[in-house]
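This report concerns only the one structure given below.
Note that the chains take the letters A, B, C and D in the order they are written out, and that residue 1 is the start of every chain.
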Amino acid sequence: MYGTGLLKGLGITLKHTFEREITQQYPEQMPVLPARFRGNLQLDFQDCIACEMCTKVCPNGVLSLESVRDDKTNKKKLMSYSIDFQYCMYCNFCVENCPKHCLHFDHNFELAAYDRENIKKVYQRPQELVTDLPEEIVAAEEKNQKRISVMIGALQKDAPKILGKLLEDEEKGKVLAAALASDQDKLEKIAVMMVEDIEKAKKVAGALANKAAKDHPKEGNVVA
Amino acid sequence: MLQTDQYNINIGPIHPSTHGGLHVEAVMDGETIVDAIVHVGYVHRAVEKIAESRTYTQFIPYASRLDYLASHLPTMGYVQTVEKMLDIHVPERAEYIRIIMGEFSRIASHILFVGSLAIDLGATTGFTYCMRDREKILDLFEMTSGQRMIASYMRFGGFAEDLPEEFIPAARNFLKNIPQMFDEYNHLLSGNEILQARLKNIGVLSAEDAINYGITGPNLRASGVDYDLRKAEPYGIYDRFAFDVPLGEKGDNYDRFMVRLQEIEQSGRIITQALDQLPEGEIRAKIPRIVKPEKGLEVYHRIESAKGELGYYIVSDGGEKPYRLHVRAPSFINLMVLPLISRGGKLQDIIANIATLDPVLGEADR
Amino acid sequence: MAVNNHDEEILAKNNIIVTTFEKLWNWGRSRSFWPLSYGCNCCPIEMMASGAARFDIARYGYEVFRAASRQADVLVVAGPITAKMKPAVERVWAQMAEPKWVVAMGNCAVSGGPFVDGYSVLPGADTIFHVDVYIPGCPVRPEAPFQGLLELKKKVEKQ
Amino acid sequence: MEHFFVNTAHALVAWLTGLGLAPGWADLILLVVQWIAVIIIVILNITVLIWLERKVSGFIQQRLGPNRLGPFGMFQTIADAIKLLTKEDIVPSQTDRMIFKTAPMVFIIISVMLYVVIPMGDGMEIVDLNVGLFYFISIGSLSTIALLMAGWGSNNKWSLLGGMRSVAQMISYEIPLAFSLLGVVMITGSLRMSDIVAAQSNIWFVVLQPIAFITYFISATAELNRGPFDMPEAEQELTSGAYTEYTGMRWALFFLAEYTNLVAVSALMATVFFGGWQGPWLPSWLWIIIKTYLILNVFFLIKWTFPRIRMDHLMSFSWKFLIPVSLANILLTGAGIEVLMRMGW
């Protein structure tokens, strides 16, 4: 009879209404993930031999690494390793092809970020492993560190003068110094840049100075 | 007779029932469709061009992303094509697992078809029940490869890893529940008079037209043409299994719906047999690390995907990367029949027509 | 002239009513994101799964998938934006009523993802509009958009 | 408890006349108070109802539904309302601004007007009109105009299609709706709501008039534009149909009006077929609430189970099936009454 199908359908939905719900309540109740679940890619820095198998096999250029060759032992040493997760396809090729099994997927799938930059993950060489590197690199690194710390000290002492020199404009230097006085992070960044790449430092400082000048047209206005 | 004006209405590209980025420009007279113009290309991701800049191995995850509803099937097609080029023999166990994963993919795709048809017709609850059942298959995929939908599990010569221990009991458990699942769908959807009125005798595609347009897969079989690549030209080890090819009579929307429902059952039969016969042994053949087919080799290989005949045509120039890779996408070709079956119907029919043709735009636009 | 933190505090003190209302608005807004049903690749399927019984986006009250852009609050870009799709997405975004947010779901939307080398794919949704939350994954697990939306909720509450 | 509301009203009138107000003026003030009460009840009821529908639809689909805000997610609708209130109000430039802006107000006013004649308890009608049922049907059919206004004013093809669909649908289903109520009116011999309720003190009309009940139920679902008859909105086809261009509060008004209509029609169904406010033990106004909510749940169940009917099937179902059936029901009722009267009943 016409209509029995409709009633049967109603019966099905009515039956399920009083059944137990199958919902997993996510933030409180984490899902049970299988062992092979591919969440976030992780690297064991110490085991990596910088053979670049993973970067070659990756279909989409997710992985990149920097390494130095130790002339004495003729072995490569990993300097830094970056995983740009926003291009990953979770194909597992890198994990399969790693001869040292130092790449693996963990079970973390909560990767949401406000900023695209935060998705990229960079592994720097840990401090205790720096001494492991060839001598001249260690020496260069140490020298660099020293110069940076000296520069930071100088900037903290007499920022307007140094910045003015950098920008070749004393007014701007003053404005920037005032703006940076409260922002220690930026100050340090500029110091690092001044040591490593003076041209870049000039550009960045110029941009920052312009921004500071725009935000606070007169120096007196700045509320400390 | 009153003079009426025709007007154009754009269904899509952003519209809830166009299955992604399909754009149908409907020429309407009131609620009656005079003509429908299909615009594709909104999800054109240049996959074929990307293939030319990737090595043979690196293209495997891209192949999975063609038909993302049944990701194992397009991967299987691609992998088998390259194996044909290189003349690799796949171990028995891997062949069986390929059948199992492929048929599970087909079931997943068809279940989603049922669900999306239900939601396109306005029966939201049918959709959630279908998704609930599909989750069980996705769990199986996740168990084997760690990814729910797009597994990238197959490799040249076999598989990346063997099946985990808990897979077979879980798979058998799913198969056991198929009759119960069917009971529910039949009562809630296919037995529903409203749904029958919406689908029966709508969007009729005659066998002749279907063949002329090059329609393949369930859509062709719904028109009554007995053509299934698994039977007609068995690839892999499909010749070892007993299964039926469900056929429709009229080629209307209801037949397309029912053929897919019955195919779920047949896929279940195949998986049961494959699980029973599953041999122990190697999971992956020994293949060279760098895949380099001979220069000037051209291969075409086709499989019966969830949507129809999925073919890969690969030309090699002797390098690590294919010189040209072409995909014969069933969704694209099936979609071209939409104007023919929609003419003279109502606006609501075109929604049902799109749903029952079951295009995957990722595959159609590539 | 930009207002710095100190000024904001003073303003807040003098305008208790306004800020209280602001808090109320943000409370309401952050608990009822209605996504636009749009998507063109694998991620929308996971989005659909997140609406279904096992994951149930309705628990947060975000289940009202609006088909009409006028009533939606969140544009969940799920899938690559191709050159052909770009004008359509831009138009839909323009049609949405303020306040509105963009969530880039899946690697294709975050950066172009796997298809970033393709000539027809934009390198990420942020080439067209400001993206509030990025959810990487390919495709993402249905829980991941929940986390993304909850992050967006935190962001809106702080506004 | 039984006469709490009635007594309050009497007390109010007595107090006002005690202040030296003419009885006519006191009645007018009472009317205003009642109106405000109705509006408050409607709004409160709708917030609960929307929550209930989301929850029930969740349970049907084996989900939980909203459960984060407040107990069982009760405050979800409040959050939604706050958000909708603060959303940008867009009036597209190509619209017929006047019509576009008034349509939601017309809709909500019409749907609130329906509550005037519904007896919400023993002696708790705002106005006990002698043509109550007639008033209800005629006001109810006016909501077509609001939908057509929205569809036409939006200057959008989807909206227009939605508006036209709603007109066609509502006009066709108006007839079986009226016809099915006619059987009840014939038995009672009155269009007055209180008489209809009183006539059911022994037996509910759902027993005497089962065919009328079924036809009323179907055509009421269609009148309300609820699934499976939600043609004007039809999300999967017309994006949002007549409401496509509406944002924020304007859209919310439509939504509110739809639910207001839903409650009104369910309350009428309870009144006409299920004995109205009559029931043992509990106060009368509680009985009608219980009955109405039970009917509402049936509406929810139906909406979330069935696929949407096609437009032309919908029309032919009304003209070729429902109208003949309801006419036959009238004939049957008339014959039955005649026979019973001859037998001296």
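We take it that a contact is a pair of C-beta atoms (placed from the backbone, for glycine too) under 8 Å apart; a residue touches a chain by one contact, two chains touch by 3 or more.
All figures in this text were calculated on a predicted structure; none of them were measured in a lab.
Student: Suppose chain centres are the mean of their C-alpha atoms. Which chain sits farthest from chain C?
Tutor: It is D whose centre lies farthest from that of chain C.
Student: Please indicate the chain closest to the centre of the assembly, with centres calculated from CA atoms only.
Tutor: It is chain C that sits nearest the middle.
Student: Could you please state the distance in Å, as a whole number, between where the Cα atoms of chain A are centred and where those of chain C are centred?
Tutor: Here chain A and chain C have centroids separated by 23 Å.
Student: Could you please state the distance in Å, as a whole number, between where the Cα atoms of chain B are centred and where those of chain D are centred?
Tutor: Distance between chain centres: 45 Å.
Student: Report the inter-chain centroid distance for chain C and chain D in whole angstrom, where each centroid is the mean of the CA atoms.
Tutor: 36
Student: So the centre of each chain is just the mean of its C-alpha atoms; given that, what is the distance between chain B and chain C in Å?
Tutor: From the centre of chain B to the centre of chain C is 30 Å.
Student: Please list all residues of chain D that touch 2 or more other chains.
Tutor: Each of 58, 60-64, 235-236, 239, 304-306 in chain D touches at least two other chains.
Student: Two or more other chains touching the same residue: where does that happen in chain B?
Tutor: Chain B, residues with two or more chain partners: 15-16, 61-62, 65, 125, 128-129, 132, 150, 188-189, 192, 194.
Student: Give me the residue numbers in chain C that touch at least two other chains, ranges are fine.
Tutor: Expected reply: 52-54, 56, 59, 67, 114, 117, 138, 141.
Student: Draw the chains as dots and join the ones that touch; what shape do you get: line, ring, star, complete or other?
Tutor: Here the contact pattern is complete, since every chain touches every other one.
Student: Going by the contact rule set out above, which residues of chain D touch chain C in the complex?
Tutor: Chain D reaches chain C through residues 54, 58, 61-69, 73, 76, 78-83, 85-90, 235-236, 239-240, 243-248, 251.
Student: Give every residue of chain A touching chain B within the complex, in rising order.
Tutor: So the residues of chain A touching chain B come out as 2-3, 5-6, 8-9, 11-13, 16, 22, 33-38, 57-59, 89-93, 96, 105.
Student: Which residues of chain C touch chain D once you look at their complex with the stated criterion?
Tutor: These residues of chain C touch chain D: 24-25, 27-29, 31-32, 52-53, 56, 58-61, 63-64, 66-68, 70-71, 73, 97-99.
Student: Under the touch definition given earlier, write down the residues of chain B that touch chain C in their complex.
Tutor: Touch list, chain B to chain C: 13-16, 20-21, 41-47, 49-50, 53, 61-62, 65, 68-69, 112, 127-129, 131-132, 134-135, 138, 148-150, 361-362.
Student: Show me the residue ranges of chain D that touch chain B in the complex, using the header's touch definition.
Tutor: 57, 60-63, 157-158, 161, 165, 227-228, 230, 234-237, 239, 304-313
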